[in-house]
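Okay, handing you the structure first.
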Amino acid sequence: MAKLDTVVAEIVDEMRRIPDRGTVASYIPELACVDPDYFGIAVIEAEGNAVVGGDGDMPFSIQSISKVFTLTLALGKFGNRLWTRVGREPSGSPFNSIVQLEREQGIPRNPFINAGAIAVTDLILSGHLPREALGEILRFMQFLADDPTITIDQEVAASEQRTGFRNAALANYMKSFGVLDNPVDFTLGVYFHHCAISMSCRQLAMAGRFLAQFGSNPSTGLPVVQPERARRINALMLTCGHYDGSGEFAYRVGLPGKSGVGGGIFAVAPGKASIAVWSPGLDPSGNSHLGRMALERLAKRMGWSIFGA
Amino acid sequence: MAKLDTVVAEIVDEMRRIPDRGTVASYIPELACVDPDYFGIAVIEAEGNAVVGGDGDMPFSIQSISKVFTLTLALGKFGNRLWTRVGREPSGSPFNSIVQLEREQGIPRNPFINAGAIAVTDLILSGHLPREALGEILRFMQFLADDPTITIDQEVAASEQRTGFRNAALANYMKSFGVLDNPVDFTLGVYFHHCAISMSCRQLAMAGRFLAQFGSNPSTGLPVVQPERARRINALMLTCGHYDGSGEFAYRVGLPGKSGVGGGIFAVAPGKASIAVWSPGLDPSGNSHLGRMALERLAKRMGWSIFGA
Amino acid sequence: MAKLDTVVAEIVDEMRRIPDRGTVASYIPELACVDPDYFGIAVIEAEGNAVVGGDGDMPFSIQSISKVFTLTLALGKFGNRLWTRVGREPSGSPFNSIVQLEREQGIPRNPFINAGAIAVTDLILSGHLPREALGEILRFMQFLADDPTITIDQEVAASEQRTGFRNAALANYMKSFGVLDNPVDFTLGVYFHHCAISMSCRQLAMAGRFLAQFGSNPSTGLPVVQPERARRINALMLTCGHYDGSGEFAYRVGLPGKSGVGGGIFAVAPGKASIAVWSPGLDPSGNSHLGRMALERLAKRMGWSIFGA
Amino acid sequence: MAKLDTVVAEIVDEMRRIPDRGTVASYIPELACVDPDYFGIAVIEAEGNAVVGGDGDMPFSIQSISKVFTLTLALGKFGNRLWTRVGREPSGSPFNSIVQLEREQGIPRNPFINAGAIAVTDLILSGHLPREALGEILRFMQFLADDPTITIDQEVAASEQRTGFRNAALANYMKSFGVLDNPVDFTLGVYFHHCAISMSCRQLAMAGRFLAQFGSNPSTGLPVVQPERARRINALMLTCGHYDGSGEFAYRVGLPGKSGVGGGIFAVAPGKASIAVWSPGLDPSGNSHLGRMALERLAKRMGWSIFGA
């Protein structure tokens, strides 16, 4: 058995036995009732070898992980003009902070905090109906994962639309500065729906291969983005991918990654592997508790840290 | 001629011809009069090969770059207890911001903003006289660089001591929360002096080899720090090494690094090279304008980005 | 001619000749086109004597001045329970700041900043349809002013509803903390409409007589509020009535007052007079430029400052 | 017995029986050991009648109350130029907040928060030695109170000088923006000493008569300040005199006043009386708990509220 298989099997076994599983996100009612015992992992190596463990084929709500893919899509359509709407610096604040927006005239710090992802969604929406924009995002995910069965969980989307007052505050606030072009309800509708995309670890790791492969989609051999853009998206994930726990994640895991409040984390070992883990319980910064632990062990045992093996 | 020699020579040549050289820091009077035309670079590869270009043997004031080495020294002495005094997250604020301290009870966000480095200095000082602590820091630099001629520029230190009111505000503020153990003047004295260490690019690149070499000093073959600690210091440099320009540096350069207002930047290509550049003119975030540009070109041409070559 | 008549006539004459008339509010489109040359004033003395000058019978959009009357109405219905939803301290921030809300868990600093007035409106709305709540507010104004012709300017209300993104951000933000009970759109609808009440200086001064008369309505002799409550509303106007220009207004004018971005200011000389002035041009804090100047002169010449005649 | 005598006697009696006496300030060691059972009051009416009750002749540390008198002195020397160094708006923040200074380029919000009073002290100091400036302040207090025995408690001053790190932070911070002219240590030395002036309620009420008497000193009949300036100092006390409890004080008491962490409060009923109360226990905003309660009862029973009797 290859080393990766052994390491993944060990981690699945170790994670099963950890009693403290963090706290399942309660602020989206539909997510609050997910069983904290789930743990899944999928690793797809550069050569295409896929190792999946635990509940790695169980779909879950990818939530903020979708921000990596909407950013990729928006960069493809708008190029560097996107950076007039959103910054590239860590925020030093929780994911839904509005304070930074007041200080910086409605320009979100980066595309991975909620405000930034809403601004990116607004760009993708421009010139389209919400349904069209959403269709484009979903087809992009299906294409990247090479899997046309990926769907949106309508109940999660509806739940968030009913209760997402903080995101509505962020969107209206940016709108008051002219940072959003579309009606607030349209932009929020698309945002809530792409956050409600449902995927398994295997599907996520498949979808993110281009970031581990210098921008290319190994299924087709064709570039999804230029190599430099893949590097830069990885850099953004490293510095901003985990809200105000980004420094801690870099310090402990040493891989670019993006977490979601559904308990998923997508991570990249550049040139080596595309990785997804999932466990619903979160730590105080809103990142999957077991997920981060699993990635820390994986990076260490495989020698994949980008900061020196 | 090897590839690195060519690349370094090209960069030195290109940098010489760039008309916009940034703005020399004016807030430390002794630094304000440095000629903005200087540009130096030194790269020391894993195997020991050193390539030095431009003014790479000219000493300059390393300023905040010293924070990497005082952090290393303090971690060696106090281990993870250090993290009760200082955090590990990007601050999202300028290097001398005091706002974050009020919100977080006097605990600085990370060891690379001024407040954090002052807290680290205070730890090193504990149980010692300022002169002893400073001697220890200087000897550590000389040992790492394998060069006993490295000294402190007393005029720069005195200049900063006369005018460093913002740092005095930060130190007194932390003291009011009990985060500093020693008299404020003692801690600030040691801080201002280690920032005033004078080194050339070659000396800096030599001193930082252990961070490119998994913690080991290639001169002696002995570990300076454990490999994991070297990785983690690199991670901190990546997320926090350039104040509120850290995200931008990661995005463009893709190497862990630490800048100083003297115009120096120290950077690491893990497993590949220890690098120092110097040009006195700064960009609006306080990082060397040409220095960052040079590192961006170096990382790209050598394929050294940690986010995918 | 009595002293007050002379003073009012002088002030009308002086205001007419002042070239710098401030800047008409542009953020509500319907208000942006009001002629800055208007200046009106009405003073109703304790004994009932009314002195009206300039454009004192021309109706204008009272905007935030309505907050004094919705607070009075809400205190009548909910008493001191109201203070669990909103504080009583000056905010030290612009009228539409959202930063303070983040720090204080969604509780607005006082009932005269926008967030606070929205929270008060939400209380009045509870258990009612928006149309009913609005009818109650309008009838209260008509009763106080003894004038059933007072109406809401539907075009101003509609204009604000189309463009009031900042207020929508504040309302959604409070909703996310559970500070609002009703659907955000309902509460905002009532808020935008009561801000769009149209009144002349004479009508406003009539409506506010109870605050100059220890809580009683001189038309009926009956109490509107208890004397202590009238004093306390006056105290709130003094400390919080002019956004981040409240200190300046107290310093220069020395009367409790409340301004609106329509250019009106309502003020009280306790025991002596109820006052309204109107001029559409605003100063940088959002308060009527000539209005404040006129009140400063009136208070000085009549010896009405509450801080010593 | 006149009404005032009865009211003061009642209040002394009522205060004696209240079990919850607040919390004695602990951050200045010398003040921490004062007995919380003390309660003193002195009221000096316009005609010169003095009513003193409880421990009204016991000296205590006036602390921030000195800020009213240093402001008066500085306005006399520098006039309105003073307002280029300090603002006139409520801060909405605790007395020792540094956040506001960062946002507003080192200019304190008002002369009654610590930063503002340090800036005012720096102005008084300019062109003098610390000892001379302090002598001038002390003589001014002695002159106003008509009592040459008033002194500075050197132990309190020394205690504060040893432990006043927060104030040292504020002063160094303002110095870094160029808001202070003198060496930080000099300015702080004078500041700590004038805060350590020791006075009884009777002496304080005597010293503050000019603010109740339209600027005149009744002992001499001569103006201390112009009537307009007295009004304006009263306005500043009303809006800013009690840190982030200023709104609450205006709401409940309805008199201009200034509190100190020694437990004293000085208050003015314009045209009617100069008042001082003292009880060492503080409420969470840092204002004397019984002191405010006593003033609320006094203002109510005497009908002295400036917001309508």
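Letters are used for the chains, namely A, B, C and D, taken in the order the chains are written, and counting of residues starts over at 1 for each.
Assume a residue touches a chain if its C-beta (ideal position, glycine included) is under 8 Å from a C-beta of that chain, and two chains touch if they have at least 3 such contacts.
Only a predicted model underlies this, so the values are computations on that prediction, with no experimental measurement involved.
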Per Cα centroids, the chain farthest from chain C: B
Centroid distance [mean C-alpha coordinates] between chain C and chain A, Å: 47
Inter-centroid spacing, chain B versus chain A (mean Cα positions, whole Å): 32
Chain A-chain D separation of Cα centroids, rounded to whole Å: 55
Interface hub residues of chain C, defined as touching at least two other chains: none
Pairwise touch network: line, ring, star, complete, or other: ring
Pairs of chains in contact (touch as defined earlier), listed by label: A-B, A-C, B-D, C-D
Of all residues in chain C, those that touch chain D in their complex: 87-93, 100, 109-110, 211-212, 214, 227-228, 230-232, 234-236, 238-240, 244-248, 250-252, 254, 256, 270-271, 300, 305-309
Chain B-facing residues of chain D, complex: 97-99, 101-103, 165-166, 168-173, 175-176, 184
